[in-house]
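Listed after this line are the structures, all set down as structure tokens.
Next come two complexes, and both contain chain A; in the first it sits with chain B, in the second with chain C.
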Partner chain A sequence: MASVTFKIWRGDKDGGSFADYQTDITEGMVVLDAVHQIQAESASDLACRWNCKAGKCGSCSAEVNGMPKLMCMTRMEDLPTDQPITIEPIHAFPIMKDLVTDVSWNYEVKKRIKKFKPRSPDAADGTWRIAQEDVDRVQEFRKCIECFLCQDVCHVLRDHHKHEEFIGPRFFVYAAALDMHPLDTENRLEDLKDEGGIGFCNITKCCTTVCPEHITITDNAIIPLKERVVDEFYDPIKKLAKIFTGK
Partner chain B sequence: MADYQVHEHDVLVIGAGGAGLRAAIEASAAGVSVGLVCKSLLGKAHTVMAEGGLAAALGNVDDRDDWSTHFADTMRGGQYVNNWRMAQLHAQQAPERARELEAWGAVFDRTKDQKILQRNFGGHKYPRLAHVGDRTGLEMIRTLQDHGVHLGIDVHMEHTIVELIQHGDRVVGAFGYDREKGNFRLFKAGAVILATGGIGRAFKITSNSWEYTGDGHSLAYRAGADLIDMEYVQFHPTGMVWPPSVRGILVTEGVRGEGGVLRNSEKKRFMFDDIPDLYKSSTADNEEEGWQYTQGDKDSRRPPELLTRDHVARCIVREIKAGRGSPHGGVFLDIAWIKERLPNGEDHIKKKLPSMYHQFKELAGIDITNQPMEVGPTTHYVMGGIRVDGDSQMSTVPGLFAAGECAAGLHGANRLGGNSLSDLLVFGKLAGENAAKFAKDNALSFGKEQEEQADAARRKALAPIERQDQGGDGPYQIQFELQDKMQELVGIVRNQDDLDKGVETVLAMKERAKTVTAPGNRQYNPGWHTALDLDNLLTVSEAIARAAAERHESRGAHFREDYTAKDEQWGKTTLVVKKGADGEMTLTKEAVRTMPDDLQKIIEENK
Partner chain C sequence: MSTLSGPLSAQRGFGQTARRDGWWIVPLLTFLGLFAFIVYSTWAAFQGEHYSFGPYLSPMYSPEIFGSSEHALFGPKPGWWPAILPFSPAFLILWAPGGFRFTCYYYRGAYYKSFWADPPACAVGEPRKSFCGENAMPLILQNIHRYFLYLAVGFIFFLSYDAWNAMWFTDTATGQESFGIGVGTIVLTLNVVFLGSYTFGCHSFRHLVGGALNKLSGRPARKKAYGCSSWLNQRHMKAAWMSLVWVAFSDIYVRMCSMGVWSDWRIL
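== the complex of A and B ==
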């Protein structure tokens, strides 16, 4: 057992600062355990979100020593405990209090994405036939736990605050999940180009690096969508054809 | 003075897990205005943790399956004290609910002929669980959430309800606060649906998150509703035991469904040692047959690892107590061994159990494709809860409905794995439909008296903050102590002395909780939130302890070392918890309703 110092950001939208807390760390503890222990020992009003404690719900997102992480999946033994460990809220969204941010923007964005629209059922009983390989292909994107760490690290949102023009990696993954859904028939490409602002992404792959579900966001979701947008709207031959046919 | 914002909805749903979302969708489809309140962000409820799958007699893998077999399995699993009407409706309607989920965008694993694949699970005669890997709950909640957001449901995220508002007996709204600012809200509603989930936080070792403090149970109880079957708390046999910080986190039954076996420190498959009579004829008596069953051989019987959860949990406790446990106080669950039988075993494990692989790798540093897991029982689910009418899901209080884990009846004395996700869908839908109808048929009546109730709830909620300098215990202190005592005295193996002590302890803690303090202000203050949830936790703890102390037999999840056998008379008895006229908790015995002949016949045919 060792006593470790944590520097935890305390404050709200009007400002705040880091406060120091000491707590004992035992074998196998994760950062979220330390936060809970601090809550119980000395700061019962320290705000933080959490639910499943097993990396499945995506509630406890924060920045630990400057890295976007799920606190429940960050083991203390992987951090240098001879110096203070900093924990602060994610940066891409407004602060509510302490480690809790207002992520409601993400819920609004999702509402604007055209919903799932299945093809007509394949069988008379109203059911569909789908091959397992088509199920497997879309799994990667459907694993997303909506922790919004990809949104946090994306410089378009984090540094340039393009929340009005850009939906962020999470929703490109969502769009890819719908796009590659074996039954979906909707076309969302124009929306991705316009409201989605997919062109803002310059493929720095930061989102992929921080994804706790190990979704290859850039390569498998964003780039294929970008290619489809280009094919649809910026293909020179298609453009020429449009000019001649007037369509 | 009213310092709260007022919202009005035809139907107010409290809780946004599978049941709450399904109820909100259905009520909305019926053309009424719907409000949905949840303590966390949308999509984070415990449904997300459900791993194994959703039980529905689709008959895609074994066409001998049908609703009557599912019904019989559910009743047998529940030791025949289930609400048979609910068990019937559930078995009949689950397939349609599963297919509907697919129409809304859920993607399930497939059979070779491209239908929804189904896996084996404890207590289910045939492969019955529609699933996608081991993250079925996430798939389900995300599907419902994404479908629901396009329906115009008003979602009040991170809000907590502290009291129901009544006009006479009838529930006409709810009062609560938003967690961010601590501002109060009054929700007027023609009908209220409780879908608040379970009570796991009453125990120390649990798979449940902070949310599961029995809010719905307690709100209903305080509004005068009956609670039944509260003695039946499910301890899931396989939770993680190491490292200490993850103790209790669920290890899906799907591990055993895929061929995982339980061994003690002597490397013995101890589950073969004790097979209950009710299951003797349907359980394999050798390892080879058990393995063949998990690989889909229709002529083989299930391995004993797939017996019901109550039984497996007790066998694990027996091994640990006998000194044959694993180093950290559990037993071994081994899936890696299937590599001996399957050429691509490692990939198969990662594909079928991806989140288990991930969870053990990252939290315990264990590679489950090479090493056994250490597992032990964890508080998982409460079968008991709000008594509802099987067809309408209305509680004994007019205008108050309940669905999902907080409602009682479907699972009797023990729930089968997979029957929870289907429960949420089937009864969420029925609750939504009937609450909408109730709201349409009964005009809302809200006046000064109701506003006074809101004011009283407001004063009660503010008290822990207002008395923060008066030296009472902090909320975590009381909560931790309660969890310790419930685990110790009202846990898996029970006896009269412990249970009586359990009741006394809870009553004493109720007194202490009257002066609980919450330092700080109302702004996103977890200490305050915990202090307010404490009241609910104490109510359900008292109900569980009292009912468990009263039932002098062992049945399903309720195991008494002083009454180890089932008792015929008790098998016909339901324990009902209700708030008495003097405010004290009352416990009464009632006869279990007799099953109609056609259902009885199904039970006999499936014995």
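== the complex of A and C ==
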């Protein structure tokens, strides 16, 4: 058993500061366990959002030693304990209290993305036939747990606060899941270019780095969508081909 | 677009972060690697000599459209070339692979971080307040990448031809050409392999061969091509660096042999 110091951000939308807490760490603990222990021992008013403690609900997103992480999936044994461990709320969204942020902006953005629009049913009973190999590609995107760590680490939101012009990696993954689905007939490319601001992404791959579900966000979702946007808006040969073929 | 419910924390200053790991190591190594390549390739392009040795032609000079070596496709330096400008066969071609790499999705991410600090690393503060990304000029021009890809694919054919040529040695006494393998043959063949791995794993190539489609079942050739390109794409960063280093090494090898500093060892 070792005593470890934590520097945890305490405050609300009007401001705050780091407060030091000490707690004993035992084998197998994750950061969320330590936070709960601190709540029990010395800071019963410390606000922290959590739910499943299994890396599936996406609630306990925070910044541990400066990196966006799920607290429930960050093992204490993987952190250097010779110095205080800092825990902060995620930076890309407004703070409510302590480690809790208001991520409701994301739900509003999601509502604005054009919904799944399947082609006419293949069979008279109103069902479709699709090959598994054609849906394999979008399965990866459906692993997203909406922890919004990718939104937090993306410097377009985090540092440049482009929330009015840029929807962030989470919603490019969402749009890719819809747009690359073999049954979908909707065209979202103009929205992705204009309202979604896909051009703001400068391919830092930070979203991919922090994704706890290991979704290859940049290579499999954002860049393929960028290429589709190029097809539609920036490729003169494609445009000419469209004029002649009508497709 | 939706608005936020409250204020956000202020943007951190340049280099500010709570990260404790060596976040600066990768951008620094990237900067040094790319800077070294730019300096070397510029120097090599300006030399205009020692770029071929027997059947070997440096990839920085291939295809040699006009030039003084036996590999030149259309003879020596053209008469219309302005006298006040220095001439090197590399000037006529290097812009194409250079443009391909400059607009490559991997390199974009890498040099935005290491050269522009935009951001310097994930969750690390950056020096500028304003940001347009690739949404406006000049970076919107990065969307031209696929056109450089088309050129780069052509280069793979030329370099493959060079690797084939590097297997045929002329006997200086008899003038007879015979099959052989030298270290240079292996160097130039590996160069094609690395460049091919990089080019055919390109995000635009992946899109072109199958990524643009939502349904690949019933299209076995495109499905296979998409699968192969995706496999290479997962290794795109490695291929980008290996091919970059190997192009420079191939040029150094041919140059050293041509200058008589190194001897080409014949294996067969």
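Quick notes on this structure:
Just so we're on the same page, the second predicted complex is superposed on the first by the 237 of 247 C-alpha atoms of A that agree within 3 Å, B and C clash if a C-alpha of one lies under 4 Å from a C-alpha of the other, contacts with A are read in each partner's own complex, and residues count from 1 in each chain.
Operating definition for what follows: contacts are C-beta pairs under 8 Å (C-beta built on N, C-alpha and C of every residue); 3 or more make two chains touch, one makes a residue touch a chain.
Small disclaimer: the values here were computed from a predicted structure and weren't measured.
In the model built by aligning both structures on chain A, chain B fits alongside chain C without clashing. With both structures placed on the common chain, the touch criterion links A:98 to chain B but leaves chain C unconnected. When the two structures are aligned on the shared chain, A:59 is found in touch with chain B, with no touch to chain C.
Residue contacts after overlaying the shared chain place A:119 against neither chain B nor chain C.
Of the two partner chains placed around the shared chain by superposition, neither chain B nor chain C is touched by A:242. Looking at the shared chain after the overlay, A:129 reaches chain B, while chain C stays out of its contact range. Put simply, if you stand at the Cα centre of chain A and look at the Cα centres of chain B and chain C, the angle between them is 140 degrees to the nearest 10.
Look at A:67: by the touch rule set out above, it reaches chain C but stays clear of chain B. Note on the superposed arrangement: chain B and chain C approach each other to a least C-alpha distance of 12 Å. Counting contacts as defined above, chain A residues 102, 104, 131, 181-182, 184 meet chain B in one complex and chain C in the other.
Interface residues of chain C, counted against chain A in their complex, comprise 1-9, 11-12, 17-21, 105-106, 108-109, 112-113, 118-119, 122-123, 125-126, 129-136, 139-140, 143-144, 146, 203-204, 206-207, 211-212, 214-218, 223, 233-234, 236.
Touching chain A in their complex are the following residues of chain B: 40-46, 48-49, 99, 102-105, 107-110, 113-117, 132-133, 135, 138-139, 142, 146-147, 149-150, 155, 157, 180, 209-211, 242-246, 249-250, 355, 358-359, 362-364, 474-476, 480, 518-521, 523-528, 530. Chain contact summary for the complex, chain A toward chain B: residues 12, 26-30, 33, 39-40, 44-59, 73, 75, 96-98, 100, 102-104, 107, 110-111, 115-116, 118, 121, 126-132, 135, 138-139, 142-143, 145-146, 178, 181-184. Those residues of chain A lying in contact with chain C across their complex are 13, 63, 65-68, 80, 83, 86, 88, 91-95, 102, 104-105, 108-109, 112, 131, 133-134, 153, 155-156, 158-165, 167, 179-182, 184, 195, 197, 199-206, 209-210, 216, 218-219, 223-224, 226-228, 230-231, 234-235.
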